[in-house]
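Look for chain A in each of the two complexes below; its partner is chain B in the first and chain C in the second.
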Partner chain A sequence: MRLAGRFGGAALSLVMVAVLGFFLFRVVPGDPVVSMTRGRPTTAAMQAELRAQFGLDRPLPEQFWNYFTSLLQGDLGTSFTFRRPVADVILERLGPTLLLVGTATLIAVGLGLWLGVRAAWRRDSGFDRVTTGVSLTLWAVPTFWLGMLLMMVTGDLFPSRGMRDTDTAPDFVSQALDVGHHLVLPSVTLVAVVCAEYMLVMRSSLLEEMHAPYLTTARAKGLRDDVVRRRHAVPNAVLPAITLVFLRFGLVVAGAITTETVFSWPGLGLLFYDALTGPDYLLLQGLLVVTAGAVVVMNLLADLLHGVLDPRVKVV
Partner chain B sequence: MNPLLELKNLTVHYGPKCVVNDVNLALAPGQTLGLAGESGSGKSTVAMSVLRLLPKSASVTGEILLDGDDVATMSWGRLRAVRWAAASIVFQGAMHSLNPVQRVGDQIAEPMRLHGVEGNALDLVEQVELPRDKARAYPHELSGGQRQRVMIAMALACGPRLVVADEPTTALDVVVQAQVLALMTRLVREQDLGLLMISHDLSVLAETCDDLAVMHRGALVERGRTREVIANPRHPHTAALTAAFPVIGDPAHRWAEPAPEPEPLLQVRDLVVDYGRTRAVDGVDLTIGRGEIVALVGQSGSGKTTLARTIMGLRKPSSGRVIFDGAEVARNGKALKAFRRQVQLVLQDPSSALNPRHRIVDAVAEGLRVHGIPGDEESLVTAAVERAELRPASLYLQALPHELSGGQQQRVVIAGALVLEPRLLVADEPVASLDASVRGEIVALLLRLRRELGLASLIITHDLGLAWQIADRVAVMHQGKIVEQGSAEEVLLTPSHDYTRALLRAVPQV
Partner chain C sequence: MILKVAIVQQIDSMNPFLAVFQSSTEIGRLMYDYLTAYTAADQTVTEGLANKWEPSPDKLTWTFTVPEGKKWSDGEPITARDVAFTYNLMLSDSVARTANGSFVTNFQDVTAPDDRTVVIRTKTPQVTMLALDVPIVPKHVWEKVSGIKDYANDQMPVVGSGPFVLTEHVAGQFIKLKANKNYWRGAAKFDELHFVYFQNSDAAVQALGKGEVDLVNRMAPAQFDSLDGKAGVTRNKAQGRRFTELMINPGAQTRTGEPIGDGNPALKDVRVRRAIAQAVDLDALVQRVNLGYAEKGSGLVPPVFGKWHWQPTEQEQRRFDPAAANAALDAAGFPRKADGTRFPLRLIGRAGRAYDEQASEYLKRSMGEIGIPLDVRLVSDNQLNEATTAATYDLAFSGWATNIDPDFILSLHTCAQRPGADGKGGTTDAYFCDETYDKLYAQQLSEFDEGKRVEIVKQMQARFYDQVPAVILSYENALEGYRSDHFATFTTQPAQGGVIMAQNGMWGYYGAEPAGRAVQAQGSRWVGLALGGAVIAVLVAVVVVMARRRNATAGERE
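What follows is the complex of A and B.
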């Protein structure tokens, strides 16, 4: 029953996202067609044609019905700037973003949780102070500045633009190496920025568990300090961090905008940037639905995983 | 014979504060020793020092000899080998002393694997009279008594010769406490264990231990055979501790004055409360007279807290009526709010009932603000605080809860109720979390409020001694029903229902 409730809640959120996506771009002040064609010479006839093409001449309920039924079929409309279906454009960019964000999240989660555990266990030690200080600094600096700084410091060591070179041999190994080479700088930037959050959450979560009586029980049994930490403290302290990891992953899909723009990484973030400069309303609407949907789905996954890891939470 | 445990000149400081001062104790194999004292007396610090479990901020001097080996100076490797194998600990409040995300069977088996002891966790589970399949349960799936049994099974896992039990039954109700104590006594005798049992409750120690030591402000003030210490206490603090626990049937411990049959203030008629399919309160009739103190006793899970919440209008009854001062209590709206002002709640644990960031003046004035009562807030608050015997009020108004003692905090909670000039106080275990010496003062306060203000009280408790001390009438609740009610003398001295007799039998005797 509760499982059904979770899924029902997620489905409801997705519908809300779709509705929001529709209205968000209908309530922006001004005529979308006018702002789309700004700076270009257009006649009234051309504008009327554009309006008909986007269905903007129809009454609002009909527009919504068309939008909603096509959305259910995976049709997000046609991008104005790319002259291709929005769904295709987004799908094409999804791969690079998942590669970048996935790699960065994996590293950031592993590193952040490990650093957080170490820092909390030796609270107020030199290690704790240095990691907390460095993490906070990295978190606080602007992402684009950090990215540009990395480019300058590393010089020609790593490529700083795009995802692959045009002159790489077409076989899989060379292509993979090339992509990996391009991946270094953007993922390091992203890790540096998001790692702090995982580290700090893990640290404070473990600090709260540090005085839990069951750790005294574990010590009294004669367990070594690191076993007490690994077997008893961390499995309890990691629970709040799990939710954060998944929520952030959902957000980071969209939130890599700055990093992708700085390094011209051809992912969703860069696409967002392009759609905004357009402005390409249907593309923005599609991106909003997809990224907000990702947050909802990730949240659902976090809930389910939390139920598996914590026996006190009954999901099924 | 070498003593199993010997403490020589044990002294523990936290910074400049001395919590254990020059304690000398010895425990022979197979001997049972109770260590009594109030909170802050240093008794738990002594327990933790036996396996060197004190936090780093503690500085320990003196010797802690476990089988002749000094725990205070042994190497970490040797210490880890000694822990749990030579001596183990039964911790208090097993909920937090067990890892919440591990099956209890694995937690019992953990020290066996670690110390290379042959054996089976399931056998241990059976030994503490739990069904074998409980080994697969997580701590939150067990009751308080079952968790305490798991702690005992865990303590016996490596066959230690000494068991230290730190308040092993404090959170349990009287019937479960009696069962757990009986189990511990049996296992200690069968396996010829040494037992060092720490408790604030002398009657619990009297049930289980041959010898008794009393601690006060870090020092050992008395030591001897349990019976002799309790019968002829030589130190005034021991005398205070023995006097604080009321003996049912002893007229000296009956503080409630006889009162004439009063007019009814609150009447509960055929009240039923369901939680889903469970019937928590099943057809209850109960009357509280003006200025009368009624004790509602029963085990945890008997439905007494649900009944109290329904009386206060915090829960809607499934059927039945609550009549206050001749009129049926409204279920919502202004009339309900007005009713709530006249019926105030006092909870068990004052430290969690008070917001740690609110000053006392704000904590007490909150009810005035909620109910929008006119008048000078400061003088009303001052009067209520002084009526709760925090005098002069100016000393306390600006304090934060953590700056006060447990007894003072409970007085603040009572002042918060008094400020609204209620006619009925509903008190849920009002003294259960308080030290023995403070407990008597709070009981006396409730009685004085009745005498001076005509304040009626419904005292919810599993402590029959408290009922004897304070109540005019006692109602016994079992599985949602009131199985017996009458004057305190009738119910507690000549009980007519089997369940009442079972409750009375479970009370530990000094």
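What follows is the complex of A and C.
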């Protein structure tokens, strides 16, 4: 029953998001037709033509009805800016975003959790102070600035934009190497900025477990410190971190607007930015539905997984 | 040899009937020739697809000749029928008028009596018949297109008549074109032209420094200065086609005379507008805000367009003089109040645009000196557009790029451009509406003697300057940079101090000449590639080692 409730709740949130998105973005200032045609010889008739093509000449309730009924049929509409179906435009950008943000999140989670465990285990040691200090600093640094700085100090070792060069050989190995080459700077930037979050959560939740009686028992059994940490302390302390990781995985799809902008990475974050400058209503709505959908699904997964990882949390 | 160009604006469509973004139009110029063109050297009208043209004595019928021998990129001959097909498509299908409809509104009909002759009849005499910025498409390809609205024009390679052929377009990443071997002026001197997309102009400038791209434009003064003395990079400080203006709400009204917006009523008084203009030190703005990379503003047409540009005479000139401005405001019936101010005004500009940020601070001081406290609001591009469209501003920053033929920029200030009663459908720039100006506008549009037309256009600019619905602040230089170790020269338009990119033509790219021995930075690139590989390898190794260690120690447990 409760499981069905969870699913129902998730579905309801998605519908709410779709409805909210429609009205939310209409409040964004600006007229897409005016901003698109600015600077060109444009007549009032041409503006009216564009409005009609985009369906912006219909009353708002009608626009909403059209949007909602097509959404139920899986049609997200046509982007004003790119003049292609929104679903196609989003799908095309999904891969690059998953690659960049996925890679960076995996590295950041691994590195962050590992550093967090080490730092907590040897609390107040030099290692703890240095890692906590460095990661907090990086977390506080503006992403934009860090990205530009990395681009500058690495000179011409790494490319400054995009996912691949235009003149790379078409074979798979060259292309893969080229993408890897382009991936380095943006993912390093992203890892540096988000790593601290995982590290700090892991560190503090492990610190809470440090003086638990079961650890004394484990030590009394003669276990090596390393084993006490790995087999006993960490499994109990990892739950908050897992929640966080899943929330973050949900947000992977939303891309990393700043990082993608700095490095012109052709992902969803960059698309969001472009859509806002329109404002490209249908594209914005589509992006909101897709990214919110990912968060809802990941939340649901985190809920379910908690039950598996921690028998005390009963889902069903 | 590849020419790589950085672009910072998205591409909306490769369909020339739909593409409205500047970047798309620029690439469209490379793919399709127009009926006529402008020379690179002095921006005069020259051969496009047509090499001869003749208006009838009543100026209502134009006959263009499309000479034999020009070919589409697929080898088919270019004929008058292609031209007639393109214009007729626009006349019959409103979707096909999306991007360039303004050029055909005055067309009566277009016919091609034979393969060489195009006859265009207009409703009224139209002087801009040699300035039709309409890409001509191949009939044999486009007559098979069923719906213009959904046609992406991505059947690679895209058949065209321009110096380059579109071969690949990856949205948000890059666009590739190849030199058109059939181009009637002769093929370009290099093989491929790639446009790579940058979201971030700082990164584009860095990429130029590293040799990742060969050509970058629209740099900010600071970015331009940062490339000074950089090995392998040559900078081009060109006379720009853009101007920046300070709009002064002259009491905005709709086409039907209804007031619209909430401009301060004091600004309806032309004496007040003149006083404001007089209190702004244009020289200081050019020096301090444009860092010298601009020319002081005067008329609506920038000096790069030579004969069309207007400069005030000694008597007309409004000199920077705060004392005179104060006296004028007193005389206009706006005395200073007890606190020393006259009336407050709002200034709206764009957040994140360096010019607006700095110039607004400067204007705050200038206006303060004449007793006008300024409330500065810097907002997003969209908000700024919304405020200027709805006339909810007192003062606002704006700017325009202009064309060789001044008709468009002049038309923006006619009464008819104001919005209808519902506040929609307006394309006015500054809500200017002036009988004298409108009369002159109509005159110049049917004045076929160029000398006389130039005179009328200058009178219009003088009238605009005198009535001040906006102060033209400056004509910015176009700041460009290129890799001179890869490409020795580019054709600029005009030849003296002209631009490479964003021309009224395709000369900049088409005329690029590769440097004698091009040293593309392949060496360092391989180092980078190897490094990329190494980083990936290390990452994999770390994961593997950690996993194995895990297993190994797991075996040692109690």
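Here are a few things to note about the model shown:
We adopt the following convention: the second predicted complex is superposed on the first by the 273 of 316 C-alpha atoms of A that agree within 3 Å, B and C clash if a C-alpha of one lies under 4 Å from a C-alpha of the other, contacts with A are read in each partner's own complex, and residues count from 1 in each chain.
Going forward, a residue touches a chain if its C-beta (ideal position, glycine included) is under 8 Å from a C-beta of that chain, and two chains touch if they have at least 3 such contacts.
Note that this is a predicted model, so its numbers are computed, not measured.
In the superposed model, A:E62 lies in contact with neither chain B nor chain C. Applying the stated contact rule after C-alpha superposition, one finds that A:L223 touches each of chain B and chain C. When the shared chain is aligned, chain B comes close enough to touch A:D310, but chain C does not. Once the two complexes are overlaid on the shared chain, A:L50 sits against chain C while remaining clear of chain B. A simple residue count on chain A separates chain B from chain C, and the partner touching more is C. Of the two partner chains, chain B is the only one touched by A:H232; chain C is not.
In the overlay built on the shared chain, the residue A:Y214 is in contact with chain B alone; chain C does not reach it. Legend: residue contacts after superposition of the two complexes on their common chain; A:L270 is shown touching chain C, with no touch to chain B. 221-223 are the residues of chain A that lie in the contact sets of both chain B and chain C, per the superposition on chain A. Against chain C, the residues of chain A that register as touching in their complex are 28-31, 34-50, 53, 81-84, 89, 92-93, 107, 110, 148, 151-152, 155-164, 166-167, 177-178, 180-184, 221-223, 226-227, 230-231, 260-264, 266, 270-271, 273-274, 277, 279. Chain A contributes residues 212-214, 216-224, 232, 235-236, 239, 309-312 to its touches with chain B in the complex.
Taken in their complex, chain B has these residues touching chain A: 48, 51, 53, 79-85, 88-89, 91, 93, 96-102, 110-111, 114-115, 138, 140-141, 154. Interface residues of chain C, counted against chain A in their complex, comprise 2, 4, 10, 12-13, 15, 18, 20-22, 25, 94-95, 97-103, 105, 133, 149, 152, 170-174, 176, 194, 196-200, 202-204, 206-207, 210-212, 379-383, 385-386, 389, 400-401, 408, 411, 420, 425-427, 521, 524-525, 527-529, 531-533, 535-536, 539, 543, 553, 556-558.
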